[in-house]
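You will see two complexes here that share chain A, one where it goes with chain B and one where it goes with chain C.
And then the complex of A and B:
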């Protein structure tokens, strides 16, 4: 029974069956992914049938490689020629034997191929699957993300518990690092008046070192730690003043969801219960159907402010930077509008292993490309004779 | 589309159709002159196609990769170049005849697509884009050519001709396609890590490209290890091309939310 199990686990047919099963499994995922959010698909992809499939595939791959290891490493010796198809014994290259046998059936071909490094390529390709599995497993047990938002010119000190949103700590990563961040510059360009970035780059100091990041060019603080630029926005810098007081009662930059234009968000000051709703129009134009923004850049910025005390509507007004709106006992003023950028810090121990697996698998595949190879092919010609074809044909007697 | 681009584009389609007609008629009626004209018409079509490609590149100021039309313009170019190179010998020209219908259908399909230039958005400004799409187009070109050779193989077998060379071509094209497909997936994953923070997001296009990769991997395993060959191999290659078409065009026609928003309009 053990022998049969061994034969099954090392069989090509099981490999084909498992690969076909994988294709079907991923077909389900693709169909699910068409209608469901990505986190749902991610959850489904980590369910036990998929894990079982990966384990079986890896086991089959390992058993196949081990069973054929001796043959594969033997094939790398330059003195051997591997003869697939009809003939399955190895010969020495120094003395190429004559083709003593003609193919038995019409249409049959005899291939002789000498390609030493193909077997190493095969080994690398299949072993890379294990490195890939290790990388994804490490990633599963260690990937942790946290995000923070910074305004242009703003300094931040991020402690592990100070990130805005973090994912759940995992067994191999319990917390995110401490970072001292200064966002020195944000540069954006949009296509016409649409929310399509043609340029989005930042200059940022992290722990005293200046980095340049773009939307698809993250900062690698280490092989396992990345800081990604994820989002852009605008934040109002505001002041709350009391009548007659020279010093503001409250001031700061509010992190609000007011970009893209037309989005409405609110803030509540520290000293008053009023809800102050803001809608930002970076390039304000009044039309018959209401205000619109004709571009994403701060060319003519205006806020439409609505104020409520509880459910009581108090006032609605349109103001720009440097203007103020009196609200009952206090004055609310927008000082300026800051461009902001959101960053995601990712700690993932699996990243370098996954990258390594790509390198290994591609190296293995490339080794299988035809390089210096001798190939002979005997094909039946129209007249019924056998014709020898191929490159680098050695001296051969037929 | 500029007038020059339109003229050169449709001239290319016409020349490819002439090439196909020439190859088919030459094969059916055993006319060597028509068979000799096949690569010449195709080459003429390629020149016109290149002119359309260059014109589009100059017009949009980036490599044409945005939207259906630009992807077909670029992709079909790769298929033609690969097919002309791989089937340059007279005994392999049946493969060229088999591949041309796919090219004509692709380019005709682009007639239904929006040709308005789109901006080169910030997320696409990466060197990985060029690596990814370069190898993607080589992979799809190889798989298309393999399907073309498979069609030619089936036709030759039906006529009782020997087609071992075509069988070997099918295998080589599939192997080359698999390697370039692997580079495409790997480079796409590395780019995804930079852009979306994760190597793999189970995005529908990503998943379909993996399915396509596995299918061709199965085909190679069946050929090498279980010694499948002949008609079964040919039919599998033609069927497998459907997964490629689905992964690139089909998914974005059906799926609304995909991170791969390159193939719109």
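And then the complex of A and C:
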């Protein structure tokens, strides 16, 4: 029974059955993905049929590699394996044709071996699956993310508990690192007047070192730690003043969800219970149907401010940077508009292994591409001619 | 911004001429004539591709309309190179392929937009170009399979291996770019899953042929099936809803969003 199990696990028929099953599984997942939210698809992809498929595929691959290891390593030999007995064709020539590779000698015969390391490619390709599996497993037990928002020119010290949002800690990663961050510059460009970013890059100092990041160019602090640029926004820098007071009662920058233009968010000051709703129009124009922003650039920025105390509506006014709005006992002023960027810190121990497996599999495929091991042998005959013998190589035309 | 009228006209002429020449070639039942017609169509496709590049100011590879052009151009380029390399009439089926691609592309907007931030960068260009090259190799594979049925002495296995290599490179470069953009190398996005399914079909085919070598005709038949599945995997992206896949631009915001 053990022999039968071994034969089954090492059989190419099981490999074929598994790859076909995998194709069907992922086809179902694709159809599901077109109808269900992403998190549902992610959950389905982690269900037991898929895990069983991965385990069986890895087991079958391992058993097949072990069973054929001697054969595959033998094919890398520098000595002839197939010739002179196992030939595809034989040809008699008076003179040897020009063959670029340097020949080796075996007695009076000379021979050439091509694509000797093709079987190493096969090994690398299949072993890369294990590195890939190790990478994804490590990722599953270690991936943690945390996000923070910074305004242009702002300095932040992020401690593990100070991230705005974090994912659940996992067995291999209990916390995110501490970072000293200074966001020195944010650069954005839009196409024509549309909400279409053609450029969104930042310069940021992290732990004393300056980095440049784009939405598709994260910062690699280590092979396991990346900082991604994830979002853009605007933060109003505001002041709360009291009549007769020479200094502001309160000032700061508010993290608000007011980009793209037309989005409405609110803030509550530290000293008063009022809800102050803001809608930002970076390039404000008043139309018959209401205010709009004709571009994304801060050419003529205006805030439409609505103030509520509880459920009581108090005032609605449109102001720009540097202007103030009196609200009952205090004055609210927007000083300036700061561009902000949101970042996500990702700690994932599996990522380097996943990308290593990519390199291994591509190397394996490249080594396999030229073809299988081929051998060519030239044997001298008594009449002075040469007999050419070939295996896995097209017959040479002279 | 709408493209200039001459580009639209060239597109129309190429589509109509490709259908016409495909029908003429089929009527004459001449492989060589169809191959020559293929060269004519490839010349027009090349003009169209570079014309679009010039007027749009960027490599024409994103969006349904531009990707149809790129698939036609890269497909033709690889067919020409393969034809020179193996000295067979590889452009035989090219006119009908171009017609189908251009007709499909014409269902979508030809407006010119600037590339968004997620369409700019070295790795996304690597991913897109390898995807187009893979499609080109798949066209070569399809043509070689047809030539096998027409009793030409061609090697299917070497084209199969090249297609497999580039398909692997497409998937891996896409995975790397996804990590760059969203911080995770895989998400089971429907396009990812569909192409992984197709990739596993090719894997099955290669394993079957390696374990118990098939006749060329049998291999050719199953290869054609796999290539058809690949074409579906490539173009079915366009029928998925925008929210389901980050491969599809969110038209409202013109950014690639994580669904």
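Quick notes on this structure:
Following the convention adopted for this analysis, the second predicted complex is superposed on the first by the 333 of 398 C-alpha atoms of A that agree within 3 Å, B and C clash if a C-alpha of one lies under 4 Å from a C-alpha of the other, contacts with A are read in each partner's own complex, and residues count from 1 in each chain.
The rule is simple: contacts are C-beta pairs under 8 Å (C-beta built on N, C-alpha and C of every residue); 3 or more make two chains touch, one makes a residue touch a chain.
No experiment lies behind these values; they were computed from the predicted model shown.
When the two complexes are overlaid on chain A, chain B and chain C occupy overlapping space and clash. Once the two complexes are overlaid on the shared chain, A:53 sits clear of chain B and of chain C alike. In the superposition on chain A, A:19 makes contact with both chain B and chain C. Using the contact criterion defined above for the overlaid structures, shared-chain residue A:27 touches chain B and also reaches chain C. In the superposition on chain A, no contact is made by A:224 with either chain B or chain C.
Shared-chain residue A:361: touches chain B and chain C both. When the two complexes are overlaid on their common chain A, residue A:38 makes contact with chain B and with chain C alike.
Touch criterion not met for A:266: it reaches neither chain B nor chain C. Chain A uses residues 12, 15-16, 19-20, 22-23, 26-27, 29-30, 33-34, 38, 41-42, 45, 145, 191, 196-200, 214-218, 226, 228, 344, 346, 351, 354-355, 358, 361-362, 365-366, 368-369 to touch chain B in one structure and chain C in the other.
Residues 113-118, 120-121, 123-124, 158, 161-162, 164-165, 168-169, 172, 175-177, 179-191, 193-194, 196-198, 200-201, 203-204, 207-208, 210-212, 240-241, 244-245, 253-255, 258-259 of chain C are the ones touching chain A in the complex. Every residue of chain A that touches chain B in the complex is listed here, in rising order: 12-13, 15-16, 19-20, 22-23, 26-27, 29-30, 33-34, 38, 41-42, 45, 84-85, 107, 109, 139, 145, 191, 196-200, 214-218, 226, 228, 230, 344, 346, 351, 354-355, 358, 361-362, 365-366, 368-370, 377, 379-380, 382.
Within the complex, the chain A residues that touch chain C are 12, 15-16, 19-20, 22-27, 29-35, 37-38, 41-42, 45, 136, 143, 145, 191-192, 194-200, 214-218, 226, 228, 260, 344, 346, 351, 354-355, 358, 361-362, 365-366, 368-369, 371.
On the chain B side of its complex with chain A, the touching residues are 119-126, 128, 162, 164-165, 168, 172, 175-176, 178-179, 182-183, 186, 189-191, 193-195, 197, 199, 201-204, 207-208, 210-211, 214-215, 217-218, 221-222, 224-227, 251, 254-255.
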